[in-house]
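In what follows, a structure is listed as structure tokens, so that the remarks can point back to it.
Letters A, B and C name the chains as they come in the text, with residue numbers starting at 1 for each one.
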Amino acid sequence: MKKISMKGNDVVTTQELSTDEIEAILKLAFEMKKDRYADKWAELLKRKTFIMFFYNPSLRTRQSFEAAATELGGHAQFIEPKAMRLRGLKKGNIEVAGETIHDAAKVMARYAVGIGIRILETSVDNYGDGNKILREYAKHMDIPVINMADDIYHPCQGLADVMGMRMHNNNLPTRGKTLLQTWAKGALARSYCSVHESLLLNSRLGLNIKLAYPDDNYDLPDDIIEQVRKNCKENKTKFELIKGDPEKGYTEADYVYSRNWFGKDFYQIGKEAEIKRATDIKYKDWICTEEKMKKANKDCKFIHPMPVDEDSEVTREVNQGPRSIILDIAENRLHVQKAIMAMTIAGLEMGL
Amino acid sequence: MKKISMKGNDVVTTQELSTDEIEAILKLAFEMKKDRYADKWAELLKRKTFIMFFYNPSLRTRQSFEAAATELGGHAQFIEPKAMRLRGLKKGNIEVAGETIHDAAKVMARYAVGIGIRILETSVDNYGDGNKILREYAKHMDIPVINMADDIYHPCQGLADVMGMRMHNNNLPTRGKTLLQTWAKGALARSYCSVHESLLLNSRLGLNIKLAYPDDNYDLPDDIIEQVRKNCKENKTKFELIKGDPEKGYTEADYVYSRNWFGKDFYQIGKEAEIKRATDIKYKDWICTEEKMKKANKDCKFIHPMPVDEDSEVTREVNQGPRSIILDIAENRLHVQKAIMAMTIAGLEMGL
Amino acid sequence: MKKISMKGNDVVTTQELSTDEIEAILKLAFEMKKDRYADKWAELLKRKTFIMFFYNPSLRTRQSFEAAATELGGHAQFIEPKAMRLRGLKKGNIEVAGETIHDAAKVMARYAVGIGIRILETSVDNYGDGNKILREYAKHMDIPVINMADDIYHPCQGLADVMGMRMHNNNLPTRGKTLLQTWAKGALARSYCSVHESLLLNSRLGLNIKLAYPDDNYDLPDDIIEQVRKNCKENKTKFELIKGDPEKGYTEADYVYSRNWFGKDFYQIGKEAEIKRATDIKYKDWICTEEKMKKANKDCKFIHPMPVDEDSEVTREVNQGPRSIILDIAENRLHVQKAIMAMTIAGLEMGL
């Protein structure tokens, strides 16, 4: 038996965790789910403070992290940097006065034993800047930093997805299964991070990946695609990129993850233009329907990180029907986050 | 001895509770008040999450529910739906994209063991829509939903009122006493819910009811009046409706509840027009004064759910004087809410 | 051994505490720091509510008070009066309707065992009004009121400063040392309270005080200066006022506290005009530099309540260098606040 320790570690993306670390987190998350309110978990963060630091608000992330801290015996503080006098991060928002990230990070590490940071595309100017800022905080802090979603990665969502897929696979690993990750239309101009993390993590864990989107407007960043290809190659699985066909990818899929994401020029054109484009009639078939699901493997499941944009990303029939595992995945956010906090902050070790 | 169980039940209005359930909640609330910080209560929600879901903000409701969860060993999360991408509830605010109530409800029930919802007239288009939305959440949730005030009902306030009335009646039931519920002038365009609940609950518990307001502008909804009449009839008590006389109702009153409410056309004319009307000189006498109180029964008490609009709804002399039981009532919010949470969420049973 | 009890007391400024009370708080804060998460502290506020009442938001104050309540076994509620229907405090913001401070105070005292209030210059019309309002709350409340910074005083900051100064003085009192309190340029139009409290408390504790600022624009209020002079006189220490020389004060200083504050006409001219003035080129030398620090005593320390406005108030070299004790001071906010809460709310007595 191997002992896996993550004490003091940051969690920025699952791509930077070892597969042992991923398995350790998942194993602990399943144990915590089975015995959710057991007293033993309550010692892990007893009366300690976890800071939820939200450049971008998010209700589900907040609810699940806040409940996680409570269930571990601690307390999560909800903090919005906009209430701070921090030096500006964004063009047109340049504060010459104000506190540096260095100072803000160092002080928060005095009050808290761990911190979650959420910073998406709308808080920065360029793709990747959110992730850079998150890493800058991590550099100055001697407490674990947990990524609560940045403009590239979303490790907690990816792990919750995988936990849900296993729950609906007799609690077995999904190696050898096929995931269709498909773009969907809609007016929400959604972030990349959940989609990236799903592609990176599932390719890592031995699934065949099909990635479908309508046209060059919706290419994902090159480096992500390259990493997913590489992950598949290492696992000897298939990676298929399907452009322009909203149906083809369903064949042989065991999981369909249908979700909108914004175009690669989003940082330049902005939200309004993106929404106009993504709701154009030409994309009308980019929605997950029961009809399409029937072309997939028997028992093919529908995945989504929620909130779902019903009638755009998926029909109600699928979303609220027996194929949908989205509620279990949403609940799993809590369990994987508790597991991550327990291992990185409290130093709980897991045997594999 | 009867065992009263409310495990898993919603609490939308006291009108939908049995009188046994009402008495059980009050009995437990008195016990909890006597021994507020006892360890035994702290097992009831130990490390569990209660969501406070505020379509409309409210400080007192928040403070009392948040303290209630803490004192029961749990944690209350403060959540505002405006931070969510929920589909629009209101005309002129139509979101075609966004999450359905079905999905939002189902997920919150995964993180929390109970939820309080507050949704008033300003969050909806028509009278009663707030209550409908609250019931829609309840339909989709398998955890207790507690009404923290909607556009019709306010059960926790009603129960806190009754508890205060009993405290100042040697802890005895108030059956046979007389309540004057009177409209008051002022610039706050206040909601119906506290007034409705007071009328419904006190008529249910055997009080004679006098309802006074200036003119047709301030008629309460017909179905509420009808229910109050019916409650009185079943209890063989008197129901008297007094229009146009701000003094008459004080005669023989044991409790005077003086509070502003908006007119029946509020949903159409809006807040500004309502305030203009309610502050008109012609309504100048619609205020509770010590002079009027002297016409009531000896020891007549002043009731108000707070915040009080002093000098409009009541004079300072009465509000801060010995007749006023408003602070005890405000404190009772905490105790009745703890009792409701204990019975519905934790399943604590009460013997009557 | 003397037993110091502060049960039920308010803490508005250290100037109104006895030196025994100051020493008792500091002694307890050091003990709490040594054994931060010990179970014994958790009985002090067990499942009790502390209200953080923020007329003006502040992240650090919130983080440290919220963590303090958690570590004492209780829960801190974050409340903003702007969400309440309180009668207006400020000209041009006159609410004729709404709740009185009397009522708001009385109700909060029913839910909570203690309250912190923060109210700065931007929430009121005249210098000192914030402090008056805080004292009005205290008058109506039978629970301890702790000043979380008003427009005159900031006792928790002052005590945290002193605790940091002692930590870097072999845990010994700083009697006989010299503090330079100097104005600094910058665009933040900062409040007086931290500066006042530092002057009042350090002069009280037997330090020599040098107070430096550029010209009449930045005179501090007369009554504060008079009190500091008096404190020095009682301690037979030196008080030196240095106008117009940004360097002279460094000589013989053991501690340099360099921070911007707004001019005495700030309440009249407003923020924009103040910032324009304070960033004028003529004040360019009003910054703490390593070069200046070299003129001070060996091991001279840099003090600041944070957030620091780097490059205006102090250079990065000093702020992030070995002279800087700002992070320890920031952490000490937590420890002194826990100590104050323990003594005033929980009634913990300290032997001196």
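Quick note on the criterion: a residue touches a chain if its C-beta (ideal position, glycine included) is under 8 Å from a C-beta of that chain, and two chains touch if they have at least 3 such contacts.
These figures come from a predicted structure and were not determined experimentally.
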item	value
Contacts common to subunit A and subunit B (chain labels)	C
Numbering shared by both copies at the subunit C-subunit B contact, with half separating same from different	different
Centre distance in Å when subunit B and subunit C are each reduced to the mean of their C-alpha atoms	41
Junction residues of subunit A - those touching two or more other chains	75
Subunit C partner contacts - residues on subunit B that touch it in the complex	37, 42, 57, 59-60, 62-64, 66-67, 70-71, 73, 75, 186-188, 306-310, 312, 319-320, 326-327, 330-331, 334
Residue ranges of subunit B in contact with subunit A within the complex	46-49, 51, 74-75, 77, 79, 83-85, 96-100, 102-104, 106-108, 110-112
